[in-house]
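Each chain gets a letter, A, B, C and D, in the order it is written, and its residues are counted from 1.
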């Protein structure tokens, strides 16, 4: 059963990812990306990480991609024309991209995963609830990174306002 | 269902994302390729987290999410600003550093 | 002969899903009728009276409406983006329906040794699931508006999206107080913890923030700028006709029921009723009816916001209010040492 | 897959099937009598001018960006709220620090008019 679900969503994710790269119309590419995000969320549930799955859908599909769609509508009403400055770039890029994927697969598949030594088995996670477990880690061991993310968000807010408001002022 | 299934899928998605960044000339779709790569990494994080039975990987995903949000916000703001000064969204047209 | 437990789970989920979907479609059909009567009363009019005034024959009105919808011409605008144009209403209604998977409707019963749960799934991220599905609902509108190749549609869709995302933050934060009290994200748990005291007693501000934000989220008046008949000729749905339009309409009414059921579940104790009289589902039904009546009442009493007022209200009033509610709750809980 | 989530998958499949049937039905029933003016964009009876795929105001973009940056907060608020009974005062201080830093940004956006729709 697990394997069926895995192959279903893995296939969906790969096809949609190819769609992102191949489709001419940016809105269609964005839709494909949404399918990738949702398939990945399903895979996270399969990996006993439902909290990550919900966050994935909320942030990536529900927020970041909406922003992409807005910017597409803001900038380019038309279709991506494609033809780059250098014609030979395209096949070469395809070769390099594929080489990267093959290399990564070889490296990752040959690596040996150390034995599981953590305390969070899926059964235990289901019992305490994974939101609770992640929260407990986030607000103790990972407190500093958590607080620093607020600084990161602050910098992003200031940056966006500075970049977007420029025309209004001048 | 082993960790290899997920790791290979993650590598495939990362490769496709990288391909998108290399092949496409529209900065928005290049950006989508980058998002794809970030997601591939997240998948690997969660897979390792599950099979090592440690939650650290999942916590990293949340930090990656935050970074991705900030990065998209500022990155797209730059693309929008670029478009306003150059009236183009083709990255090949924007080769000079001095705007 | 014994069946694999996996197969049983799947069959059970299948049956429940179909029951819930059929139930929601029926509820949608009669809600449109009820709304027309309520609005007629508020505006001192007679209301729908061709099929038959209030009475047994009036129940045929929604059926007449449905038949009319089905046999209308399905228009495909010449320059529409065919793929997006087709799937947009599907996404709108799909996200509205899928949200119901985690909502408990009645306490579990045991009949003939077989335990029946009146929810499709009890998961410990239920509330986040609802928020995630809700955030996907935007796609139906934005795609519908963009793909129609109509200026009004695009403008309506953009306004709608900007409005929905602005209020989504207050909506999410308005619920945090309930979580602090319940200590759980599972709706089944949250309802069970309200057996003695409903959450609204501790979280009145939370309920108000949630309900205002949710009203804006589903584009009901006074937040109906995306559709604004008088200026945008129905906004994102301008070009839609026939069943496709009906699906958008359906999504809107089901969303109304959904926000009412979430408000009832989180703040008014869900299926829990006082004194143990009446079975649980009746209480839930009454609470939903109450919220829906409030929604209709607001719709026909208040004028529409101006768009700048709407955005300012969301960001400058509702968001700080939601944050203040969280911190007041936190301080009270620390002081009381609970 | 954790068995709790299987029913949700089943429901999603049922809902997709329902939407697909409704959309197919919509295409099959009803008359089909297209003509050019029926298929052109509706603009209150006037002949349409210009393309509908025009550039939109930057304000929409700004709203969506601010939404993303505040949406992240919700993701962090939920585990915090669920755990609040255990964290108590320590949790309150942690979250207060986090929110105060963000409030600086909020006030900055407010002062720069980021929330005004002009």
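As a working rule, a contact is a pair of C-beta atoms (placed from the backbone, for glycine too) under 8 Å apart; a residue touches a chain by one contact, two chains touch by 3 or more.
Since we're looking at a predicted model, the values are computed, not measured.
The chain pair with more C-beta contacts between its two chains, of C-D and A-D, is C-D. Inter-chain centre distance (subunit A to subunit D, centres taken as mean C-alpha positions): 17 Å.
Subunit A and subunit B have Cα centroids separated by 6 Å. Centre-to-centre, using mean CA coordinates, subunit A is 28 Å away from subunit C. Residue positions of subunit B touching 2 or more other chains: 62, 65-66, 69-70, 72-73, 76-77, 80.
Listed for subunit A are residues 1-2, 46, 48, 50-51, 55, 58-59, 62-64, 66-67, 70-71, 73-75, 122, 126, 129-131, 134, 138, 149, 153, 156, 160, 164, 167, each touching two or more other chains.
Of all residues in subunit C, those touching 2 or more other chains are 6, 123, 128-129, 131, 154, 158, 161, 165, 184-185, listed in ascending order.
By the definition of touch given earlier, these chain pairs are in contact: A-B, A-C, A-D, B-D, C-D. Taken together, the subunit A residues at the contact with subunit D in this complex read 1-2, 5, 42, 45-46, 48, 50-51, 55, 58-59, 62-64, 66-67, 70-71, 73-75, 77-78, 122, 126, 129, 131-132, 134-136, 138-139, 143, 146-147, 149-151, 153-154, 156-158, 160-161, 164-165, 167-168. Subunit A meets subunit C in the complex at residues 1, 25, 27-28, 31, 34, 41, 50-51, 53-55, 57-58, 61-63, 66, 69-70, 73, 126, 129-131.
Interface of subunit D with subunit B (complex): residues 58, 61, 65, 68-69, 71-72, 75-76.
Here subunit C touches subunit D in the complex through residues 6, 9-10, 12-14, 16-18, 20-21, 70-79, 86-87, 89-91, 93-94, 97-98, 100-102, 120-123, 127-129, 131, 148-154, 158, 161-162, 165-166, 168-169, 172-173, 176-177, 179-180, 183-185, 233, 238-239, 242-244, 247, 307-308, 311-312, 315-316, 319, 323, 326-327, 330-331, 333-334, 337-338, going by the rule given at the top. Subunit B contributes residues 1, 3-20, 22-26, 28-29, 31-33, 35-36, 39, 42-44, 46-56, 58-59, 61-63, 65-70, 72-74, 76-81, 83-84, 89, 92 to its touches with subunit A in the complex.
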